[in-house]
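Shared between the two complexes below is chain A, which has chain B as its partner in the first and chain C in the second.
== the complex of A and B ==
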């Protein structure tokens, strides 16, 4: 019998490959591009069914570029929503109907859309939101500030934080691979700092663009996908609590726990596709530790180099790649020798400091110092970080 | 201590092309084999409002992001940066490092006696030229001011070749480039002016090249050393 060696392709004509091949094995070439352009390159290789956009700085270029992919035949459906609330509702509809969906927003857009994020997780749709963090009004700011991530922490969505253009590309691909696991199947928010990543142009290594992720298989979803048998909106219109009896409340409560449990179950997959939930930089044995995410980790890396060069002081950075799930074990292990833990952040409230304190409560004797903290789009120069460190350790 | 990273701050006015300049500078430096990052930082984009861009070039990986608070190089794109304080920092040279470089686009010397004394105490090199007039004479448009400024930057730093600058300019105007609405309309305006894109590139290259020569000669007359050790990387962009 003659067996044909048929190469499977998606509707855009790209050869379908496994996430492992796309992320780890495919040969990569050097390019020089912005974070917004990296979003386009990731979506291009992700067999995305639908995307809905709405303009807001600094994510407008990324949203616009996904539209170009639609025009080029890589994305199935694309349109501009009436506002961010509409966008996040419309992508939910597309996901419930069985599509792989991605969208982008920033700052005030996130807040306007907010009701939808816990709805996403409660309906167990693996939507991906690329969040390009910006200051939250008022007064008006368009600059980088990640206060909005604090609001998102307990919506039941996974939250990952990319440091640079390269990591953003890889995380978007990995995000689909993890969020769509049948035993995970919750939304994924891939966050980056606006401007510092979205508008920054730097070197990036990309696999070829004629290969792509396998299309999403909606019949692996833990929730029934809308089809000829299942009408849309059944789950939202007819929830348990409408029955107003004991078992309905218990079911609602356990549903909430189950969403959180699903995030916990994402750990092994995220560890695999992100090569660990944390990353260390500097002298591993150092007792001065920075815990940070996003570009605050970049600034801390510069501070580690400067402390070594100008003061002869050894320090290290523990970068958190995932915030939900929170990397408890990794953090406890990485800070076991710490005397001082500094948490540099780009927001006014210090949400990461709060998370780290909670994680290390009765697990570490280190002094935990939530500094430096800058907000409203200010920059965090390494010189300032070093100055703060020297003040505390002397 | 030998420099391993050059941080460049470009205070300009909206519409002058400082964001474009930063991208071309980083692309050219990357092409030469340095680590390079460009990063614009504008407010609500408006013509004539303050707008700043930053580029960083190094012989080690660069993690630093955001505003350049302690620059090695400052490129003042417009006299109003100094005369009207259209800058994110006051004075415009705030944070300048020892043996730094300042390029000022102005037909007049805008430094006060105090400015000059402070900059001399830090051994900062200052080159004031009317780069806009330079652009008008060579390219026939003041919109090429940014090309003159970036040519002068590389001429003075002496680390990036004209070939790499050419690659940077071509990457900006020949490859598909993503720009905001305002930048896209400026692009189409200048394309109409030059009728053909290649003519635009030729004029831009000529402007950058002439400014490079001018600044190279000036840097040699000042006894300036190259700003960085030779480039560490050889890999080319696809």
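== the complex of A and C ==
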């Protein structure tokens, strides 16, 4: 019997391949581009149905470039919304109607949109938000600062943090693959530091652009898609929030726990597609450990090199790629020999320090030091990291 | 036709509630000529309701659901307020997400349904109160009109925040005393029907729900125009008898009284809308 190998294509004429092939097996070519351009390249290969945009520095360029993909026929629906609250509701509607959806925002835009994020997770829509973190007003700032990520930690969305342009590209593709798993199916926020990643041109390895992810199948959703093609969900007729009785409260509570449990269930998928929830750099056995995410991890790596070269001191970096789910086990394992744990951060409150302290409480005897910490657009040169370390360990 | 989704699985027929079997057997699917005259003889798409006895909004919702020309492919988007107490009882696909974002959610749904089902008619209808439409959600309501979204927006104007206990809204007439306006409202009722015209709606109507047949005609015209041209807006007076101190059998008299003054029937159609309406009239659907 003759077996026909029919090549499946998406609406843009791209050959449909598995996420594994796209991320791990397809040949890659070296390019040189900014984080915003990497967003375009990822969306181009992700069979995205819809995107809604709104201007705010530093994410505007990424949003323009998704618009270009729409004009070129790669993205199905695209328009500029009225403000971020409207945009996040528009993408919610787009996802409820069965689309694979991506949008982008930054700083004050995130805060304006805020009411939507717990609504997204409660509605179990796998929307992807590329967050290019920037300072939150007031006073007015457009500079890099990731305070807004702290506010997002408990919205019921997954939060991943990319260090550089390459990781941003890979995480956007992996983000859809993980968020759309039927037993996960919650929103995914892929965060990067604004400007440091969005505007910095770096080397990046990309698979060819004539292949793409399989289109989203909304009928695998754990919630009924709002398209009048399948029976409406019974829950729509008995919404627990509308009744004042113990069962309704218990149902609402279990719904919220279930959203958090769904994030927990993303671990094996995220481990696979991200090749681990954490990544180490430097001497594995070192007792000086930096725990960081995003470009703070890049700076910590430079500090590790400098400590070795100038002081002969060995140190290592544990980079967290996922914040929700939080990589507890990986962190405990990676810090079991630690005497000093430094947490360099680009925000004034030290939310990552709080997360690390919580994770390591009664699990580590190391001294946890929430420095250096910069904010409001300040940079974090390796020299100040090294200086902090030397002051502590002398 | 998506009404097949209301077919009951034969193996479960003996345990499915009667109201669901009725939906399959006695509701009016696949018939664009359905209307309010079917109400006494067919299964309604609203299973009871949870509003106050005699609430005119419940009558409005029953007339609207009976008048939808394409219920099997109609998505209802709600907002917070008294309407959010009703959406769970509607047997169609309904969405409630936040307070005030209903036209944004509806825009996203409509655009993706057009993208996913280019050869099918899927109507998207927004049902929300005056607070949701004109106060907290005004931006999103008007912006969806500016963008020419092909959705029908229906505002239930009871001139007050009823569900939260009777606070002044932008649609309260000047001088009325409500909570948060203890000295009487200080500014005029927002002329939302006029804003809808200025913002690009192709069909606008203002009326009370005292006449079911009139409601049916207005709903059908608005939905057909939204389907083919662009945004349409219907402003319905559905008084909160509780908050204005009336008895449960006073609603109809209250609406008839307002028919003669601030809710006198008003209608606006663009030439494109007139064309669509004439076409459906010729087909016998209006």
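In the analysis below, the second predicted complex is superposed on the first by the 380 of 394 C-alpha atoms of A that agree within 3 Å, B and C clash if a C-alpha of one lies under 4 Å from a C-alpha of the other, contacts with A are read in each partner's own complex, and residues count from 1 in each chain.
Just so it is clear, a residue touches a chain if its C-beta (ideal position, glycine included) is under 8 Å from a C-beta of that chain, and two chains touch if they have at least 3 such contacts.
Only a predicted model underlies this, so the values are computations on that prediction, with no experimental measurement involved.
Chain B and chain C, once both complexes are superposed via chain A, fit side by side. Using the contact criterion defined above for the overlaid structures, shared-chain residue A:119 touches chain C, although it does not reach chain B. Contacts of A:67 after superposition on the shared chain: neither chain B nor chain C is touched. Contacts of A:99 after superposition on the shared chain: chain C is touched, whereas chain B is not. Here the apex is the CA centre of chain A, and the angle it makes with the centres of chain B and chain C after alignment on chain A is 120°, in steps of 10.
When both complexes are overlaid on chain A, the residue A:77 reaches chain C alone and has no touch with chain B.
In the overlay built on the shared chain, the residue A:376 is in contact with neither chain B nor chain C.
Closest contact between chain B and chain C, by C-alpha atoms in the overlaid model: 24 Å. Shared interface residues of chain A (contacting chain B in one complex, chain C in the other): none. If you check the complex, the residues on chain A that touch chain C are 49-50, 52, 76-77, 79, 81-83, 85-87, 89-99, 115-116, 119, 123, 224, 226-232, 236-239, 242.
Against chain B, the residues of chain A that register as touching in their complex are 29-32, 34, 36-37, 60-61, 64-65, 140, 142-144, 193, 195-197, 199-203, 206, 295, 298-299, 301-302, 305, 309, 378-383.
Chain C makes touch with chain A in their complex at residues 2, 5-6, 47, 50, 72-75, 77, 84-85, 87-98, 101, 104-113, 115-117, 122, 139-140, 143, 147. In the complex of the two chains, the chain B residues touching chain A come out as 1, 23, 26-27, 30, 35-41, 43-44, 60, 62-67, 69-70, 171, 178, 180, 235-238.
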